[in-house]
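Just below sit the structures, each encoded as structure tokens.
In the two complexes that follow, chain A is the common piece, with chain B as its partner first and chain C second.
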Partner chain A sequence: MDLQIALLLGQDGITNGAIYALLALALVLVFAVTRVIFIPQGEFVAFGALTLAGLQAGRLPGTIWLLLALGTAIALVEGSRALRDRNFRRLPMILLVNCGVPLLLAGTLFALSPASLPLPVQVLLALMLVVPLGPMIYRLAYQPIAEASVLALLIVSVAVHVTLIGLGLLFFGAEGSRTLSFTDISFELGDILVQGQTLLVVVASLMLIVALYFFFERTIYGKALRATAMNRTGARLMGISGSLAGMLSFTLAAAIGALSGILISPITTIYYDSGFLIGLKGFVGAIIGGLASYPVAAAGAILVGLLESFSSFWASAFKEVIVFTSIIPVLVWRSLKTRHVEEE
Partner chain B sequence: MSGLAAAGERVVVLEVSELSVSYGKIEALHGLALKVHRGEIVTVIGPNGAGKTTLLCALMGLLPAGGEIVYLGERQGPGRSVERLVRQGMTLVPEKRELFAEMSVEDNLLLGAFDRYRAGHRDHLETMDQVFDVFPRLMERRQQLAGTLSGGERQMLAMGRALMAKPRLLLLDEPSLGLAPLIIREIFRTVAELRKTGVAILLVEQNARAALHVADYGYVLETGELSLEGPSRDLASDPRVIESYLGLGGRN
Partner chain C sequence: MKIKNSIAGLLAILATGFAANVTADINVGVTLSATGPAASLGIPEKNTVALLPTTIAGQKINYIVLDDASDTTTAVKNTRKLIAEDKVDVIIGSTITPNSLAMIDVVAEAEVPMIAMAASSRIIAPMDAKRAWVYKTPQNDAQMAMAIVEHMAGNKVKTVAYIGFADAYGEGWWNEFSKAAEAQNIKIVGNERFNRSDTSVTGQVLKILSAKPDAVLVGGAGTPAALPQKALKEKGYKGVMYQTHGVANADFLRVCGKDCEGTFLPAGPVLVAVQLPDSNPVKKEALDYVNKYEAAQGKGSVSTFGAHAWDAGTLLANAIPQALKKAQPGTPEFRKALRDSLEDTKELTAAHGVFNMSPQDHLGFDQRSRVMVQIVDGNWLLVK
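Moving on to the complex of A and B:
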């Protein structure tokens, strides 16, 4: 290996690592706030990428049907609860938010031809289709058992993951897709050729991380999420309900996932099940941070990206093995370092 | 802050009757009835394990309860929840304080106004200044992490955070717990001063002497039932209360 190859691998590793870092942050956030180990995180990457690809190919993305179905299901659940509590005033709002908005979105897709729209509008449409799935899945799958054990929540996560993979195959087919490049610029930096798209991934990831930092440190909703992670009862007594915090964290996680997918789909071909492996590598990063520390999780995820790209050079057949085995020393070190605390 | 409610007009904030709470088959509270008026401090005293904390948790909606609870003239139905009660101005300062330990004093206070902020009020900075007037110590410590505060300061922060919600009914669970006598006196003086703001206070205490000293009306809770009630001055001179809860040696 010479320096040039090392630089290329490093560039590759950092690009992927930036995406893993975003996913790791989302996983830590969701776990800290709701105690859910969010295995379907990766599916949002695939859904984001493939929905955008579908829009660009002039197809109607299947995501819209899922959005309509989940919206209807929530409207039924919430509506029957409102009827039982004789709270009729809430009904119009429930219908508008859960059925009206998805219908409006579907109407927009039918009326416009998304393939001819400018790229930023396509991205926006894709986000509007994918991001609401996050809080909707929380509402239907997790909120009814929000007080259950971490293990029960994990089992639900596995179920949601398998369902989304299946739906992904149904919606997008077995073929992979790439989306159009955001930029075709490329330039020489020293010895290596840097693609504009690669740089965009890193810069956008960094900007997102900074934005998340500001959200958590400067806004009252961000602080409310941190408060819920620290002390659930205390937060509840302030009127920060578990469902509000859950919806908010799942919205963020879905947005981070979908954006990650949209960012990498011009440089990697994404299949309906690609998200799982990508999400799992973010998960390794999150584990390095103990599912608790944001900076360590992000750093760990970048390490995972580098480890992956270098091992693909030296032992490409064992690439995934090396990445996932790296979790073992981390776990050993963690279990030696921390005392076991009984779960409440 | 508004002045004292006119002496003649006694607005009932909370009225409870036949309240019962069970943990499975064990009944922790049975047939309780109590009333709290606007601008009034009502105390519930009683020994450890009598069900005092259970009472407050049930009122706040943290525990399911039987019987009738009328809050601000509205009978609490099946849709009762902590979040809804918070929106209607009921605030609990729990026994364990439940602060956000890794956040600054200022952020803890800010989150006290979370629900008001969410409801569209943007007066949290003014309210915070008022809280700093009540607890100047919090002003000095505003950048410090809540987890690093002393016991007295934590209690002040828990109460300050509750005041950020501009409550109409403040439920205080053992504010004296684990505090030094001098701090207890300071906390209770603050509680007495809060009465002027018109807030109704339900104070649950094991420290009967301090609680009866500050309260207008008192109840004695023993093994899940109210055994005595009356204006706190009468209770403080009641031989049964003196024997069981006040003892001979004066603490304050």
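Moving on to the complex of A and C:
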């Protein structure tokens, strides 16, 4: 192993680590605000990437049907509640947001031929198709049991994960896809070749992290989320709606997931079920941060990426074993260092 | 008196014949992996089962198709269900090796013949009392590995590196390939593993590159096998690339694109059916299958995996008339007769080769069951 190989491995590890870091941040965010361990986080990676790939191949992505179905289901739930409360003025708004907008999106997709659109528009369309799934899933699956124990929420997460995997196979088929790369530039840095696309992943991840920082520090919604994460009851007493905070955190998580998928799909082939493993590695990073600290989670995720890339060089057959075993010393260290607080 | 007897006899024959017609449809149970990780193999197989003959020798054939989701436990459960509830006379399946291996005990216990569509030779070897009930249609990995090594030797490849799946597929190929390469004095300078779901193989690829092999063999199946090849090309590898027959579908070409130009792989002749010389006995059968499949599923949709299901149907169409002479469907005697007549299959041409079964060999393929193929301009080209 010489310096050049070490540099290449490092570059590879940081690229993957950046994606894991984004997912780790999303996981920490969702857990802090809603206490949900969001196993389906990885599915948004796959859905984002494959929806974009579908648009580029000129197919109508199956995600539009899921969007329509979830929208209709929410409209039914909310509508029947509004009817029961005799609150008829809310009905048009409910229908417009949950059925009208997805229908408009579907109509746009039918009318345009997405394959011929410029890449940024395709990315935007893919995001518009995938990101609303996050808050919709929260509304249907988690909000009715928002006060349940962490274990019950975890079980729901597993159910949502399995459902989304099955739908993914139905929508996108068993074979994987790659999307067109954003840039073909590559340049020499010292004696290693740096691909523009990998640089883009790192830069975009960094920018997202900075944007998240400002969102939490500078905006009223970001502060509301932080308040909910610190003390749910206290935040509610201050007039912060728990379900709004939940919706917001799931929207962010879905957006981060879909963006990560779109960023890496030109570098690697994404399958309907690849998201789970990517999400799991983000989860290892989040665990290193104790599901509470954003910077430690991000650093942990970068560490996972580096560990993965170097262990694939030295002992490729045991790569996953090494990555996932690394969680054990972390857990031991954390349990020795922190005092265990009984939940609720 | 004589007339009366013969009339009674005639009536009796008619009655049994009638009864046979009512009850004696032949039930074929199929369990395959139409969902889960092996779905890209299982789906064409499922589509092919719909094309299999519905009557053989005047008997109606019922196909009962179940999905095992690439899961071993489900495959075993399906097998038990097919035997107990549907009273099947024969079972086709499953798509992948672990499932098929687990089904052997069940079919042997119930004495139902089984035709597997999975590749590993362990399904039918070593031959024992249980495996006596088990047949399979895909070529053994050993035959395919031999084809690669012979091609390497013919093209003056001296050193080779291997990168395969970190599972039974990659491990099985490593065993067969390393044995065959050693016999031909080809030096193996690298042995790496990667996972189907990996997003990066940079580490493995760098290690292979530092060993400077003349050729690299990727032991993977389906589109995941494109990842190491793309990574090697990206890092400037100039040597000869080999893939296994597990990649022989259109999706692989789509995902791998121009990085797979010039790659060699062994495959069943059905992959290049049109290009086979007319003298090849397999050409007619293979073309017949390709045309039927594409008529039903659209042009360019055919893959070699579906043809394994087709060959299972060909085996049955050949064996069932013999078995019907000995016993009625739905009886243990019929299943035994069917097992025996499958074993007697001789010079039967199918889409993937020519079957010559024996009590020791329940596959019966020879070198006519494989060809070397090169990827040229995004298409499969037969290597002459």
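What we mean here is this: the second predicted complex is superposed on the first by the 344 of 344 C-alpha atoms of A that agree within 3 Å, B and C clash if a C-alpha of one lies under 4 Å from a C-alpha of the other, contacts with A are read in each partner's own complex, and residues count from 1 in each chain.
Criterion: a residue touches a chain if its C-beta (ideal position, glycine included) is under 8 Å from a C-beta of that chain, and two chains touch if they have at least 3 such contacts.
Here the structure is a predicted model, which means the values were calculated and not measured.
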First, second, both or neither for A:Ser149, with chain B first and chain C second: neither
Chain B versus chain C as contact partner of A:Asp273, first or second or both or neither: second
Contacts of A:Thr219 with chain B and chain C, given as first, second, both or neither: neither
Residue contacts on chain A - larger count, chain B or chain C: C
Partner chain in contact with A:Ser335 - chain B first, chain C second, else both or neither: neither
Partner chain in contact with A:Asn87 - chain B first, chain C second, else both or neither: first
Which superposed partner A:Thr108 touches (first chain B, second chain C, both, neither): neither
First (chain B), second (chain C), both or neither touched by A:Met230: first
First (chain B), second (chain C), both or neither touched by A:Ile264: second
In the complex, chain A residues that touch chain B: 84-85, 87, 220, 223-224, 226-227, 230-231, 233-241
Residue ranges of chain B touching chain A (in the complex, touch as defined): 60, 62, 77-79, 81-83, 86-87, 91-92, 94, 97-103, 107, 110-112, 114-115, 117-118, 161, 165
Residue ranges of chain A in contact with chain C within the complex: 5, 8-9, 12, 15-16, 166, 169, 173-178, 195, 264, 267-269, 271, 273-274, 276-278, 308-314, 316-317, 319-320
Chain C to chain A touching residues, read off their complex: 35, 37, 39-40, 43, 163, 166, 192-195, 197-204, 206-207, 210, 222-224, 226-227, 234, 249, 251, 254-255
